[in-house]
Each structure stands twice: as C-alpha cells, then as structure tokens.
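Next up: the structures, one after another.
Two complexes come next, and they have one chain in common, chain A, joined by chain B in the first and chain C in the second.
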Partner chain A sequence: MAIDLKEKLVSSFMAFENKVNVDDPVHEIRLGAIKNFESRGFPTSKEEAWKYTSLRKLQKTNFSVFPKKSKTLEYKEVKKYFLHEIDTYKIVFVDGVYSSYLSETTHDGVDVCLMSSALSKAMYRQLIDLYFNKVASKEEQMTSLNTAFSREGAYIYIPRNKAPLKPIEIIHFATGTEASLMLQPRNLIIAEENAELQIIESHVSLTDNEILTNAVTEIFAAENAIVDFYKVQNDRHSSSLIDNTYIAQKSKSTVRVHTFSFGGKLTRNNLNFYQEGSHIDSTLKGVTIIGEKQHVDHHTLVHHQQPDSESHQDYKGIYGEKSTGVFNGKIIVDEIAQKTNAFQQNNNILISDKATINTKPQLEIFADDVKCSHGCTIGQLDDDAMFYLQSRGIPKKEATALLMYAFTDDVMSSVRIPELKNRINNLIAEKLGVKMGFDL
Partner chain B sequence: MAYTEEELKKELETKEYEYGFYTDIESDTLPKGLNEDIVIAISKKKNEPGWMTAWRLQAFQAWKEMEEPEWANVQYKKPDFQDISYYSAPNKKPKYNSLDEVDPELLETFEKLGISIEEQKKLAGVAVDIVMDSVSVATTFKETLAEKGIIFCSISEAIQEHPELVKKYLGTVVPQKDNFYAALNSAVFSDGSFCYIPKGVRCPMELSTYFRINQAGTGQFERTLVIADEGSYVSYLEGCTAPSRDENQLHAAVVELIALDNAEIKYSTVQNWFPGDKDGHGGVYNFVTKRGLCEKNAKISWTQVETGSAITWKYPSCVLKGDNSIGEFYSIAVTNNYQQADTGTKMIHLGKNTKSTIISKGISAGKSQNSYRGLVQVHSRADNARNFSQCDSLLMGNKCGAHTFPYIEAKNKSAQIEHEATTSKIGEDQIFYCNQRGIDTEKAIALIVNGFSKEVLNKLPMEFAVEAQKLLEISLEGSVG
Partner chain C sequence: MLKIVNLHAGVEGNEILKGIDLEVNAGEVHAIMGPNGSGKSTLASVIAGKEEFEVTEGQVLLNGEDLEDSAPEERAHKGIFLSFQYPVEIPGVTVTNFMKTAINESRKARGEEEMPANQMLKKIREKAELLEIDRKFLSRSLNEGFSGGEKKRNEIFQMAMLEPKLAILDETDSGLDIDALRIVANGVNKLKSQDNAVIVITHYQRLLDYIVPDFVHVLNDGKIVKSGTKELALELEEKGYDWIKNETVA
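What follows is the complex of A and B.
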C-alpha cells in the first residue's frame, strides 16, 4: 500500500528543514505555507477551480521528494533541448539540482542566477524581503506546497534601464534516476523600471519514469518594464506539470506570457496577472495541441485593479484522440478600474469524438465604463478551405496541417524570437504528423 | 430639458414599487414549520390519492438529506424553513363559472394590477388560470379549450381528474432529488398549472397564468407541468407581481415542460415580484427550477423578462434528447438597488443535429449584482450539435456588477459552439448622436435600452408585450419609452 502523497510531503518537510537554514526569515514563510497545505490538502474536483482536473491519480503515486542519486549530463546529449541556434543565458537544473556545468549565468549588470544563493546570501536579503512570496497566493494549496519546499529555481534581477544581452533559458531536466520524482522549482523574476528581458522555460524528462513538477514563478514588472515569457511544455507523456505563475505589474509595464502545451500527461497552468497601475498591457496567449489521453488545463486570471489598462487573452486548442482540454479564463474589473479594455478569446477544434473540451470564460465586472468581451468557439476546419487547398494539389494531411497552423497564427505571430518560433513551428508540424516548415 | 444619466440613476433609486398593496382575504393557513405531518396534511387538504402522498414523502425524505446550495453568486440570509407556513388557500371556494361569483375584493386586486379579468377575457382570447395564493380560483375559456381536447387546469385538479397523465410525467424532467429547492417543492407544492395538448393540436390561444404571492409568511411553491403531445403547439405565458412587504418571501417553483415528437412549446415569463426597497430590505427570494425535455424534432423556447425579486436563482433549461430538436433561451434580466440575480440556462445536447440559441441581456443599475450562468453540454453521441450563445451586459453606474459564468463542455468533434459576451455602458457618443437629431437624453436612453433588449422583447407574444412593457417601466422608468 502506497503512502498518501500529502502525508509523505508533510513528513518530508522535517527532513527538508535539515537541509535549509531554519533561522532564515524565509523559513517563517515556509512554515506558514506547510501549515496551510497540511490543513487544506490537495485540491479536489469539488472545488470550482479544479472541477475539470483531478489530481487523484497523482496522489496515489509514490513520488520521491528528494532524489537520492545524482547524474551528470553531457552537453551533447541534451544539446537539442536548448535553443542552440542562438546564444542564451542558461539556468539548468538536473533532477532539481543546479548544474553549473550546463548553465551560463551572469552578474554583469544584471543578475541571472540561482534562487538558492539569492535566499542564502546577505546581499540579496533586501530584495528577497521585498519580493519573495509577495504576489504568490498564500491560500492556493499547490502554491503553498511549493512555497513550503522553496529552495531552488531561477533568480533573475534586472535593474533600472538594463536589459540582458541575450534571452534567458530555464531548463529542468529529469534523468529518471528515481522511479518517480516530484520537483518543486521556485522562480523569482524582478524587472525594475525600464528593464527588458526574454525568458524561455521548459521541462524535459529524459526517460519514461514518472515526474510531477509543481512550479511557482513570481514576476514583478516595475514601471515601463517589458517581460516576455515563453513556456514550452513538450515533455514526455509520463510527466505531469502544475505550473503556477503570478505576475504583478506596475504602470505602463508590459508582460507577455506565451504557453505552448504539446506534451505531458497532465498539465495545469495557473496564470495570474495582477495589474497594480495604469496603462498596463498584459498578454496571455497559448497554443495547445494534444492527443492520446493527455490533459491540459489553462486557468487564467487577470485582475484589473486600476483604470486605463488593457489585457489580451488568446488561447487556441486542437484536441485529438482521448485528450481533454480545459480553459477557464477569469477577468475581474474593480470598481475603480474604469476605461479597462479586456479582451479574451478561446477557440477550439476537436478532431476526435473521444476528445473533450471544457471551457469557462468568466467575467466579473464592477466598473461601468469598460470594454470587456470574450469569445469562445468550438468547431471544425472549414470544408471550403480544405477543398480549396486540395483542389490545388495539396494532400489532405498537409492541407489539414496548414489550416491548423493558420488557426494558431494569432498566437504564433506574436512570438518575438524568430529561432524560437521556428522551433515551435517544427514542434507543431511534428505534433500534426507532417514534415513542413510553415515558414511559407 | 437636459436629462442626464445621473438623474436617471437617482430616479431609479427613488422609484418605489408601484404595485405594492395587500389584499385582505381570509385564508386557510397551516401552522408554520415543515415535517412529515405537514406534508401529509397538505396532501390530505388537497384530497390527493395515496400515490401522490407517497411521492411527496419521498421528496421530503430526499430534501432532509440535502444541503442548501451555495455556489450561486448571490448573498442573502438563508430562509428558516421551519418558520414558513407551507399552505394557504383563499377561503372562498368552490370554483366559479362566471365572474359575478368571484370575490369582489379579488377582482379589485386584479384591477389595480391592470389585468382585470374582464379585460383579459376581451383581450385576444387569453385564457387565464389565476393563482391567488396557491389555489386556482378562476378559470376561463376552459370550455373552448375542452372542445379541442386541451386540458388546462390547476395541477391539483389534474391529480384528481387526469391521474394517469400526472403519474406518467410528473418528476420526469425535474426529478424529486434534482436539487434542494426542487426537492422542497416536490414535497410541499401547493398548486400550479397543468396543461396537456393532444396529438396534432395547435392551441388556438395563448395560455396564461398570473401568479401572486399574497399571504404574509407564506412560501409559494408552484408546480407547473406542460405536456405537448406529438405534433402539437402551445404558447404558455406566466407573469407575476407581488405585494410590497418587509419580510422576505420564499418562492421555489418547479416548471416541467415535455415536448414529444414534433411538438413545440413556447414558454414566456414576466417576473416582477417585490424586489425589496431601495435599501435592500425585503423582497422575494426566487429559487426556481425550470426544465424542458425535447423529443424528436421538438422545440422548446424560453423567453423571460426578469425585473423583480431580491434574489433570483433561475436557469430555464432544455434537454435536447431527440434528434433534430431545438432549444432556445431569450432573457432580459434587470437588477436595480440591492437586487441580485444569478440566472441563465442549460442546453444539454444529447440527440443528433440538435440546435440551441442563447440570447441573454443583463442590465444592472444601483448597487445590484447581475450574473449570467450558463451551461452548454454536447454529449459524445450528439453529432452536428450547434449552439450560439450571446450574453451582453449593460452597466449603469459603478456600484453595480455584471458577471458571466458560461460553462461549455463538448465531447463531440462535429459540435459547433460559439459564445460571445460583451459588457458596456450607454455610450456618450450614442446619446450625442440622438441629441444631435433632436431626441432628448431621456428618450435617447430609452431608445438605447430598448434597442439593447429588443432581440428578447421581440420574442414575447403580442398579448404579453403590454405587460412586459409595464414591468420594464417600473424597474427602469425614464429609460423605456
């Protein structure tokens, strides 16, 4: 009989306390978080937010919380997982442990380094006090669980008027040294006034051993800052990901998050934007293409707390075989947030009778002078367009792929790193089973 | 005269419920509280057969086990179910054949409402089954309907005279255990309407029931059952007004519609129960379960104009069971002052080639909260299901809220589902445009609100349009011309 995962995690916390400095002020936060998790447990499908995604099966798996063995990876083994066409900063973790050998960090004007050093070194103390666990939820169970075990992850600090020379890649490798492993990376990204940066994050399992990642990322964008965040979720079907992202934006800042969900057994994205100023631009976009028994759940929240801001959401999903897609987009406009312009769109294509899509676009509006709209469709490819392409000699499979690619174009066209776009195009082609470049 | 939105808002706030009055009629009321004895007593009072009593008790047992739902986006003080009297009937029975026999006080009541029976009788052939505190006291045009084989009577009468039909269909669309309030209703329902349209008959007139809540501290538990047999058509109207009262009144109705093969039911509601005063005191709690079942090629269309009630919790639904069946939902919900409405629809696509349309218009003013909550569900065997949903909200002032909670669940690849929602206010440019053309602001607002709700108003039958107009006027006077 396998031990209950919640019990196991709660009891592991004591072992975890031996590994970290318990006199640290951060440890108070961890203690509060484990208490919250202990009293509330894993979310159940009875909760509205988890109505369509069940974690029951995962809780029955006997995940190792701390990997016992470690393994080093050769760069050439894993080169293909990096965006090697261009030069990037790299923060790489292997089974949750930082790999200095594969990484390329910097302290040259900007800090692209590790959460563990930010949490332990005195020079970062002030910023950690100011930002750590400030925007992340203190109520949500999975976030609390991550906070309790927060120790390692990426720490990125871009001071005023600075921008790193190249994009930053964050990659989490799982080598399969454990039969099943749970990882809980914790990232903190701070962009001061006028700062600008681009981040690409991915999770890669190298074997079919089971992986559960429960990640939390906090992003702070000060005035005029621009943050571009790309999440590439193309892991093996043995891995599950619960990705919690919390973003606090100040006036005139721009934060764009693109999520590409192609892989994984169960993927849950909790993406939360809190607009704390005016003239803010928030963009949330995603492409989901899944099949087999995959499950992808996008939960978004945009909370407009001040007047004159904008938000754009655009999620496209293509669901085949026995896959399940969930979209729950929530927009809250506070009483004082007049002149808000909130736009939300969710389009879905079902290509199998066994696939399911559950979507719930939700508006909660308390201000009267706003423009808020949401649109949601579930449909098929246009027969006329198919006929048009086929009549011009394009085989059915390729024609279908072309139309599906066109369907995702609203999202793809705003990817600002050409090499990344190319990479994702190839992933889409692979997912749709065609050999095409789409760079027509 | 310059008429601004500010002034309109002020006027809306100070607008009192016009139709608030209380008719003093002796009534026969059961003691407060709810237990098995009360359920049996209700059944006995109505002289019901054994199976009906058993059915009620079964519902009561289920209800005892259930918890009051809390998921709706409304806040209120929960009613004390032991502090309600579950039965009251106007004393002056038996039934009347002509108006002369009807209690003059009652007639006066209807005159105040502007829906006197004389007028009704003259009006375009509307048969009226008036429900005054739970028991039907007057039924007109029954003979005309009887000629066609149409049964239109109170449900208690139907239990006595047509037990086979009631037994066959009651609780088939809304089972006793469906939800907390449906279970409560099944246990204690006092009266309601029953309607049966035989095969191939097109009902020659709009059937209509006026509901009224009149007795202090009396919950109203209506039960309506409409059966349209194969190939038949019926248009059913339901409208409500309630007297002004401080105490909260609970209303938990159940409406079941059954449209057999090729049948069509059009069900229109105008609801204007007491919404509470401008400080949010009093008002009716309206927790209604309405659902229709469509067999092959059948069509059910719900149209509602919701202007009253302190709390509304209502989701008229369609179960599209048969192939090629159609479900429609057209709604205007107006909330003002401290009103809260959580309303919408459910469209369950089970059959092939089923279609549904949802048009929902919400207007919130004052400090009210207006929510749309809808579900569109396409099951795996429902090939070529088609749905179009549109929910628009209009906000007046920044103290009110508009919310949308649309749930869309599709399990079939050939499903085509569209959902759109917008939130806006009356644009200054729109008003300017009207002003420019010599239309004053008051009329302009009226024009815009009218235009906003036109898609739904158009769906109301002619006979009902006057009433709808009147009710909209109360909630948004000065904005509807």
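What follows is the complex of A and C.
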C-alpha cells in the first residue's frame, strides 16, 4: 500500500490530541494549524518557494509519528556531540523525548527548560499567551504542521538585563528505534530588554535509519537584546531537516543566526527576520559544504518594517559531486522604513561539473532612501592561490582546506564562541578528509 | 643542481619559452633579466611546476632528476622554493599556522616526524628576527591587508623557514622601498651557502647591488640571448633592453 504521509499525519492528530490536554491554551492554535495543513497539504514544486526542493520522496516514506519507546543513551556514547562537558547548558532530546539525564537546565534567574512544561504549567501561561505562535507563519504548511504537533522542544526565557552564565546547547538525538521517524521539535526563545544569550542547536542521528525533522523556532528579541543562534547541520545522509525559524526584533536589538550545513540528505532552512523597530541589526550567515547527492536550500527573508535598521546576509557554499544548492534571499523594505541598510552576499564554489546551485536575490523595496546591495558569485577554486600553497609544499587536499577556510572566513570570523569555531573548522577539515595541525 | 635543457613551454598552444638552456650549481647566484613579456615569470612558474603551463619540449632536472611528473608540492619537498611576485591572500589562516602546515607537510613527505611545537616557535622567532618582522605580524592572516613590502618580506621569511636548496625570487624587488629592499636582500644573503643556489629574476639592476650574482642571463622572447657576469647587468642598466633586442636582431 502506498504511503501518504499527509493522510497519516492528519489522522494521527486525533491520537496526538488525546495525549495532550485539550484544555491547553494552545489547543485552539493546534486545531487551526492542522486545518491549514489539511487543506493545503505539503508544499509542491509548483510553488515558487519550493521550486528547487522537492518533498515528494519524503512523503512516500512511512515515518513513525510517535516513537514507541525511546532508548536510553549513555553519556559516554554521545559525549563527542556536545561542545562542552560542563561549560554549556544542555537541552537534550532523544527521539523527540526530553532526556533529563543528558540535560542541564536552569531556573536560576533565567529559564532554560522545556517547551512541554512551559505549555502545561500555569506559571508560564502569560508568556505563552504573549509569544507562542505569534511570529511563526499561520499560512506556511510545514510551520502549520509543526504547530499542530507542537509539544516538545526548548523553552528559553531570559528576563530583562539578564544573561545565562553559559551558552545553551540544544541537541536532538535520533537513536533508530524506529525504521523511520518524523520529529517536530518546537522552540520558543524570549530575550527581554537588554538580555543576552547564545544558543547552539544540532540534530544528530545515531543510525542510518531515515529521519525527517520539521522544526520550528520562534525568537523574540526585545529592545537592546542580543541573541546569537548557531545551527550546526551535520547529520547523516539518511536524515532530512526542514528548519523554520522566525525572529521578531524590537528596536536596537541584535540577532545573529549562523547556519552551518555540512550533512544530511535534504536540508531546507526557512529563516525569517521581522524588524519591528529602529536601529536593529539582523545578521544571517551560513556556510554550506556538501557533496554526493546532498541538497541544501536556504530561503531567507528580512522584512524591514521601520526606519534606520540594518541587515547583513552572507552565505558561502561549496558544492561537490552531484550536490545541489539553493539560495533565495528576499528583502522587503516597507515604505516607512527609510534609511534602511540591507546587504546580501552569496558566494559559491562548484568543485564538480555535476554540482548545481540556484541563487536568487529578491528585493522588494518600497522606500526611496535606502541602501540595498546584493551580489552573488559562482566560481571555482582559484588556480593561482592553489599553486601558491602547493609551491610551499602543501598538497592539493590540504591546500583546498586552507582555501576553503579563506573562502568561509567572512562567516567564521563572526562566530563568537571559540570552541564552536574550532569545532566547525574541524568539521570542514573532516569533510575534506584532511587533518590540519592547528586551531584557527 | 638545476639543469634546464632546451626548454619549450607555453600556455594553450602559445609558446612562451622557446628553448632555454641553463645550469645552476650549488653555491651560485644567477640573475635572470629581461624586458616585460620576455618569459621571466613563466620560466619561474615552469620550474616550480605550475600546471597551467605545458612543457612541449626539453627538460628541467634537479640533481639529475627529471621534474616533469612532479606536482608543485613535490618540487617544494625536493627543495625548490618560488618567491611570488604577487603573493596570494589567505584570510583566516595566520602566518604562523600557514608555516606550521607547510613545514610539517614537507617533513611528512620526507618521512620525518612533525616538528615539535617548541622547536617550531623557536625557528619562527629566529627567522622573523632575521627579516625584522614584528611578532604581531605572525598572527595576522597570511598576506591579507599586507603592504607590498610586507608581502615580499613575508615571502623571504617563508624561504628562511623552508630552507630550500634552490630559491627563485620572482621580481622580489618590485614594490619595495630602499629600506625593505635592504632587509630582504640581507635576509637572502644570510641564507645563502655553498649548498644552496638562488635565481634572482628582475627587471632592474637595483636588487643586484645587494644580492650580487655570479652570473647574469638576459632573456628575450623566450630565449637566453646573452650570458655574462655581474658587469652585464650594469651594461644593461646603462644601455637599456633595446640594446639587447637590436643586437639579437642584428
């Protein structure tokens, strides 16, 4: 029998609702979301936004929506996936279920904890009413699907003038207890006035069983808040990820999202920034390095709704073998948003004749006094630079790694956690099969 | 040490080197001079193994070994060093890290252990001093934002670190003021020994006041048209390249 994932998901919703409390404040929100998904279905390549990324194959996979039981992971089995043993907070999920054993949460002046408790406990009710599903799209199908099944994920609340003592790691492990599993984590991150925080999120499959993750993250940055969000996408070739991130920024806030896409079968990043004030800084940067038949699609939106703000986009891509890449960067500048500075840069290197990249800037500018620039390049590694390095005794493979470090330096230089920077550089070296004898 | 026999080379079917013969022995300094477009830089690149150039005839031998099938890095491992006219910028990779990589890759290729960190640092410090390079400079990204003079000084610093048997300096004097020129030349002279050789490629005689050649060769239209001692360089400076061109035609 042919599988229809949409049917399966819609019929699973009833069962899901039975498990959660229907008196939840978010019950109506979930209900509305499943209705939207039911009527619109999965996005198809007929839609402009999904022209180059097809979900058809995934829809034919018989994903389990609820894992039967989750496996207990020993710390030593997964230690290497953490950035730090003690110097980070950790919110860890195993097959979609929170692992208190692997996590280190806190309520000491800030809340670094779980979505499931935020959604069910009365003390969080007010904040949930204020923020939950407020910036996430009510129209976009994959977001609606996540909203319908939203129950678990990270909940982070940083009050005024506070900053957590250390960066927060959010890790989603999949253990392969199911032949194929669909996960839908839902994160809510609230940084009040003058709050500051750093988050690192990653998805890790521990077996080659097929995984589909459809994640939604909402981030609210109040005045003067500073949020750094790092997405490390280095999963196995059996895993696909659709990441939907929505960010609402108030005046003078800074939000920087860095996305490192090195792994996975299909990765789609929908990154949406809504600037709701002035003197805002939004930074969207990414490094994509893929090969084989991997596919990575970056869809960004920056909506400038008020005057005097800035946005900086810089995406670097290196595509090998038969991999495919997409960059679609949309910038909207409202009529009122004078003196906007919006920059967008997308540079790509194709290291194989069979790799492809589709890159498209999309500017909708309604104000007349703005600075908007965009540029995209597609090229190969520079022969002269390669010869220079080789002439110093550095073999081609290692020289390629150095040139890739150079190519991605504009993105890497704004990573503010040194250990993470090293981790990423090591991943790049690992991808190229070289071992560099130094930390950058 | 280096023997070039009837070397013909070019790029995409255009012949640039049209039969070059040259022999450089250990302990010698050779200068190759010539007008723009005469093939000086091409000769340097071909010796160092740049793949863009195709050798159509002749040989380049290093200590009797034909280099034809050696990749540029293999030539470096065998002791050839090319100081670039236009060194490439590598953002994000510091001078120190770059040197560590270059030295350890060469050692690896020769079947040696990696250089211990303290020994590496000591060597870096020594050679930086030789070229009057500030310590801060070593933690900057390679060549990124360097002035012309800094780039050239950094090239000779790399040469000092790698201790090649044969160093080819391609227009190392261009873009240098007189003080930088003196520092660079002084560095080269101190590195010079009876066991290594230097080929200085230059348009002007100026550098040769500081790095005194044993032999001077004049390259024109892909051929060595005149060879002599250092006096030839002075004569060239005086009479200009037209003298050579006219003499060749005549």
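The rule we apply is simple: the second predicted complex is superposed on the first by the 433 of 440 C-alpha atoms of A that agree within 3 Å, B and C clash if a C-alpha of one lies under 4 Å from a C-alpha of the other, contacts with A are read in each partner's own complex, and residues count from 1 in each chain.
Criterion: a contact is a pair of C-beta atoms (placed from the backbone, for glycine too) under 8 Å apart; a residue touches a chain by one contact, two chains touch by 3 or more.
The structure presented is a predicted model; accordingly, all values stated were derived computationally and were not measured.
Because the two structures share chain A, they can be overlaid on it, and in that overlay chain B and chain C fit beside each other without clashing.
Contact with chain C, but none with chain B, is seen for A:K396 once the two complexes are overlaid on the shared chain.
Of the two partner chains, chain C is the only one that A:Y405 touches; chain B does not reach it. Contacts of A:N358 after superposition on the shared chain: chain B is touched, whereas chain C is not. Of the two partner chains placed by superposition, only chain C is touched by A:D382; chain B is not. In the superposition on chain A, A:V97 contacts neither chain B nor chain C. Contacts of A:V20 after superposition on the shared chain: neither chain B nor chain C is touched.
Judged by the touch definition given at the top, the superposed model places A:M436 against chain C, while chain B stays out of reach.
By the touch criterion stated above, A:S413 is placed in contact with chain C alone, chain B being left untouched.
Following the chain A superposition, chain B and chain C show a smallest Cα-Cα distance of 14 angstrom. Listed in rising order, the residues of chain B touching chain A in the complex are 71, 378, 380, 393, 395-425. By the touch criterion given at the top, residues 45, 48-52, 71-73, 75-77, 80-82, 84, 86-94, 97-98, 100-106, 109, 114, 141, 158, 162 of chain C touch chain A in their complex.
Per the touch definition, chain A reaches chain C in the complex via residues 382-385, 387-396, 398-399, 402-403, 405-406, 408-410, 412-413, 436-438, 440. Those residues of chain A that touch chain B in the shared complex are 48, 335-336, 338, 348, 350-380.
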